[in-house]
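Both complexes below contain chain A, partnered by chain B and then by chain C.
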Partner chain A sequence: MAGHTGGKPAPMSKRRAAGSASPDGDAGTAFWLMAPALALYALFTLLPIAATFWLSFNSSAGFNTSASFVGVDNYAKAAQDPIVWKSLGHTFIWLAYHVVMAGGLGLLLALAVSRLKITQVFFRTAFFLPHLVSLAVVGVIWANIYDPFFGLLNTALTRIGLGAFTQGWLSDPALVLFSVNVASSWQGFGLYMLLFIAGLQNIDHSLYDAAEVDGANAFQKLIYVTLPGLREVMTFVVSLAMINGLKGFATVFVMTNGGPFYQSELITTYIYRLAFQSQDHGLAAVLCILLSLLAIAITIVFNRWRARLSQ
Partner chain B sequence: MSVRSREWPVALALTPVLILILSPFVWLLISSFKTEAEIGRADPFTWPADLMWRNYLDAWQIGGFGDLVGNSLINLVGVVALSLVTCAPAGYALAKIRFPGREWLFYAFILGLTVPVQAIVIPLYQVLFGLNLVNTLAGIVLVQVSNGIPFGIFLMRSFFIGVPDDLIEAARIDGASHFQILTKVFLPISTPAVQALVIITALSTWNDFFLPLIVLISPEVQTLPLGLVRFVSTYASDYRLVFSGTVISFLPIILLYILMQRRFTEGLTQGAIKG
Partner chain C sequence: MLKFLARGTALAAMIAASSPAHAETLKMWGPEQITEPLVAQLWNGIKADFEKANPGVTVEFMPPTGTISNGAVQAAIQSDAGPDVILTNSGIGRVSVVKNAKQVMPLTEQYEKRGWKDEIYPWLYTELKGQFGGEIYEVPDGLDALGIWYHKDLFEQAGWKIPATWAEFETLMKSIEQSGLQPIAIGPRTPGSAGHLFGNLLQSASGKDVIGKALRREIAFSDPSVAAGAIRLQKLVEAGYIKKEMAGLDLDGASRLWFNKRAAMFVAGPWFTANARKAGYDLANAGYAPMPSDIKGADIPTGGVGWSWLVPVNSKQPELAMKWIDFMLSDAVMKKRAQDPASTMIYPREIPGVEPPTPVLKDIFAAAAGGVGYNPSVYLPGPVLDTYFQVIQGLISGQIGGEDGMKQIQAKMIEAK
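Our next item is the complex of A and B:
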């Protein structure tokens, strides 16, 4: 357990950068402090990550069957499965919807709410309410809003004279992914709004005064001061929204279960279907790998981007 | 910058947006007090003739909401307590102790922060099955804690990094162990981080659906979101019950938030930025 610092006491002057306050011989202490977290994490996260990788090269027809090595067969099978491609495509569309609708609404409302002084807390609190509701419960709520007969949406449209716009919001294959994403975005935008508000508070106020002296109007201040000042928060919100979107499951599961005709199937819902209903674990594992790679790619790309911005 | 002159135009412009965004809650709340016949008339904008408190009583009893709320509470307390106990020491060790493999561990935790839980669900289920934890509240608590560990450790670590090393040195000269430094020096000054961890963990645990769906099979052990979805699919045609059951499942957390909104807001933004 010697490692970097060797076995002998290092003089205080030889301290390295952050986190070097400890004298030597602390590796054991560190281990015991880490042990509870590490044990749980290894058992319920690291081991499953490794096992998923292993499983993707094996055939397994369920939880009680033994697996046998099949090389890249599952990957080949996945490539030929039209629903895999559909769910992948839907996941990308889903992410785009979520970033634009939830992230965009969060930004717009943050810009408006942060201008308020007296009523700011009221609006911020009220706009945040949907985020407190479980996505599964959001699914239940919005399934009722979209209900063709009792639903709030169609009835409201009829009442205000827009009866021509009533739809089968969840039964129309062309519309279903969007409709379900509206529900998810309704739940999601509140957190992004709070983050944008925090970002707006961190913008140096003297920049606005300077812009004003230069005769900038409100729009110019937005373009040249506010938005550049929000760049870092924006990359953070977009990456958070993409990761949250990638994990999207509950609203689809509750509202459409992937239908009609797989038109709202996401990678996550297809994994669930394969793993717990049709019990094709090999194919499900390939989708799990795909989902992980997407998440890792998003994280790396946005961390790089953010690091570049903060230079 | 005159603040007052623009307060009311902006507030006025935001009001319709607010009504639109909160309309689902208002509609459900109003509908939950209607009779079956009133709902059947399909006009969401009429006020119920009588407030049918009965709907709530029926939903509560038929849906077994007492048990669901109880299970959700046990789940919540268990996950929050265990997350603090595991993440605070680990965050301290990663922030303030140099030990071999520290960087390596750091990357292992980043992996967990990144990979969605849906991507590891099959072996995760098998591990739980092997440990006899499927269909138990202990099982759901352990997997949710594990799922939140990367975030919790990052949050605590980034807060602890900001605490001056001099504090540790002084305490060590007085003969304090690292464990004592953590509990007597670091934790007492870390209220913002602890608050962020508690709020974010509590909210995500209370609202989790995917893991309970996998782990909790029988109704007696299910949590609120899972129980509501089961209840709604069973009584889908009884809108009275569906509406009042749904209100039961979101109203408590919303009232709690309104009471504690400042703490919630601080905790969530602090956690998101630090973590």
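Our next item is the complex of A and C:
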């Protein structure tokens, strides 16, 4: 039998020499095994990217129309469109809100829940449940909570004597982006909480014992043991929150449709508005490319930050 | 055994021969309230009648999940698995979006060939012919007439009535506001609702002719004669007669304020009877009146084509779609719909001898008998609409003034040329 050396496994070089598989053969087999996945990736990812890029240099009113080459006109149009800049600014604010609110709440709840002995499973489940609800449904629920006349929030504030704090949560230009992000973060924090709980369970308990021997109080243990121990999870949660934040669309679309007067417009909602409502596919394609560049830039900055943290 | 097999084969052949040549399915994007039992009952009856008249044909309703305004119709057509024929909120503004994207078929030829030309009001046909250089892309199913809905009981108790002049109307709103009620509700998060009140204010302040000229680009929207209505809205917000918080409401949220009698007035069309029924509101208590105006002849409802039939270019059954529209325009179906309790609209041609099923509809038909004005939401070019609706939100949330808002709309009008 080729390659058989008795009881001991043959060294790799010997096995290859015996003709079981050459390096070229490995590569060939690997290619054919990967071919279906590569074909699907090319069809559903690379081709649409190329089509989007092509569309960004064309003027097209959409479906079934012949596109005409307009060079960088769509890019110039985007640069001159104040709503593009507004939505870009909102997207950054949205990302920051989401990382702080959803990620921060996830961390706080993980710290609180992980200390519980008996009720931990109950709270984990309860806090994770919103994550199972679709963002569109979350949008409808929270739009009703925020209703200025019948909504739970203003009614509750009035009932407990805090009527002065009632707001037009979705009509106040200064509040609307924050209000919608609360809804979006409420849907997302459960997942981050579970990740943080998993991270907390991996911290070596002897570090807490050593800190206690050194006389560290609870806050010092949090700062010097817990948070450094969660560094890896934290970077993962931040990256996940950023990706989820960039995808922020459904809650905004359902709750405000970008309004009032563009005050909650994100790049994603503006893309939808241009592509499907105004049928301006060329400008929408430019914004898709802008969004992709934004994602790439964030990834590079984030990876550098992560590399620095792990040094 | 062979005899049995031969008989079986012959029987199967006979059954096959007696069946229609081939089964056809017509996918129809249904009316908005098709999930409401009363509406469903009417439409299931129409579907059954059509299927009976066309053996082998099955009509499949696609309950709508949106409109042209929110892109749902465009997305459905683009999916290539969408409807064969669509009933949706229309008007030149919306239709131009799908027409420009070449998503819907021109139907001009059918108007002549199938006699649709004679099935709608002559003025309506003339208007449709003038919209896209002679080409028509829609078949009107219903016309809108937007005016003020009010609670008869609240008005009677307080001694209020819808006055004749704008100054008196402002006094009425002040009086309502002092009673602790919201004078007028609006839900500008939904494009339609934003435009209903705003269109009424524009016409009330400027008159039908001026708004018509602005829509035809004969006057700028930023012209003081047109901008007056926007300034009126700004002042109503500043006076607190329209609360800034309403900028966060959609049609349902604003309707809820009215149905719960927390708001005294609401601007809507005949279709609001369906919303009222769904909310369990007693339609006998609903009053209707056009928006007061100091301009002679301007105190009429605003409106235009509210609903139309469209045929997507990728309709799998275009011929069947045309047959369906023939059927919908027939006397039998028109009468059936107009007399049905689910009826919610003004039909595109006169139907003699039909008694509206609710008193408020009777009031609306009477108010619209002399014609309706322009609801810009259905007349503005597609690329301008988004700015138009956002400006209304900006005015209600106090972010912009009337003049500035109209300048923004005008800028988009120039761009859309």
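Criterion: the second predicted complex is superposed on the first by the 274 of 311 C-alpha atoms of A that agree within 3 Å, B and C clash if a C-alpha of one lies under 4 Å from a C-alpha of the other, contacts with A are read in each partner's own complex, and residues count from 1 in each chain.
Note that a residue touches a chain if its C-beta (ideal position, glycine included) is under 8 Å from a C-beta of that chain, and two chains touch if they have at least 3 such contacts.
What you see is a predicted model; the values in this text were computed from it and never measured.
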Which of chain B and chain C A:276 touches, first, second, both or neither: both
Touching partner for A:86 - first (chain B), second (chain C), both, neither: neither
Which of chain B and chain C A:149 touches, first, second, both or neither: both
First (chain B), second (chain C), both or neither touched by A:208: first
Comparing the two partners chain B and chain C, which touches a greater set of residues in chain A: B
Which of chain B and chain C A:250 touches, first, second, both or neither: first
Partner chain(s) touched by A:285 [first = chain B, second = chain C, both, neither]: first
Partner chain in contact with A:170 - chain B first, chain C second, else both or neither: second
Doubly contacted chain A residues - partners chain C and chain B: 63, 149-150, 272, 275-276
Residues on chain C engaged by chain A in the complex (per definition of touch): 69-71, 74-75, 77-78, 97, 100-103, 182, 188-189, 243-250, 253, 256-257, 260, 262, 313-314, 382-383, 386, 390-391, 393-394, 396-397, 399-400
Chain A to chain C touching residues, read off their complex: 61-65, 143, 146-150, 168-173, 176, 256-263, 272-273, 275-280
List of chain B residues in touch with chain A within their complex: 1, 3-4, 6-7, 10-11, 13-14, 17-18, 21-25, 27-28, 39-40, 42-45, 85-87, 89-90, 92-102, 105, 108-127, 129, 142-143, 145-147, 149-150, 153, 161, 165, 168-169, 172, 177-179, 182, 203, 206-210, 213-214, 224-226, 228-229, 232, 239, 242-243, 246, 249-250, 253-254, 257-258, 261, 264-265, 268-269, 272-273
Interfacial residue positions of chain A with respect to chain B in the complex: 1-5, 12, 15-16, 18-23, 26-27, 29-31, 33-34, 36-38, 40-41, 43-49, 51-52, 55, 63, 109, 112-113, 115-119, 121, 123-130, 132-137, 139-142, 144-145, 149-150, 152, 155-156, 159, 186, 191, 194-195, 197-198, 208, 236, 240, 243, 246-247, 249-250, 253-254, 267-268, 271-272, 275-276, 281, 284-285, 288-289, 291-292, 295-296, 299
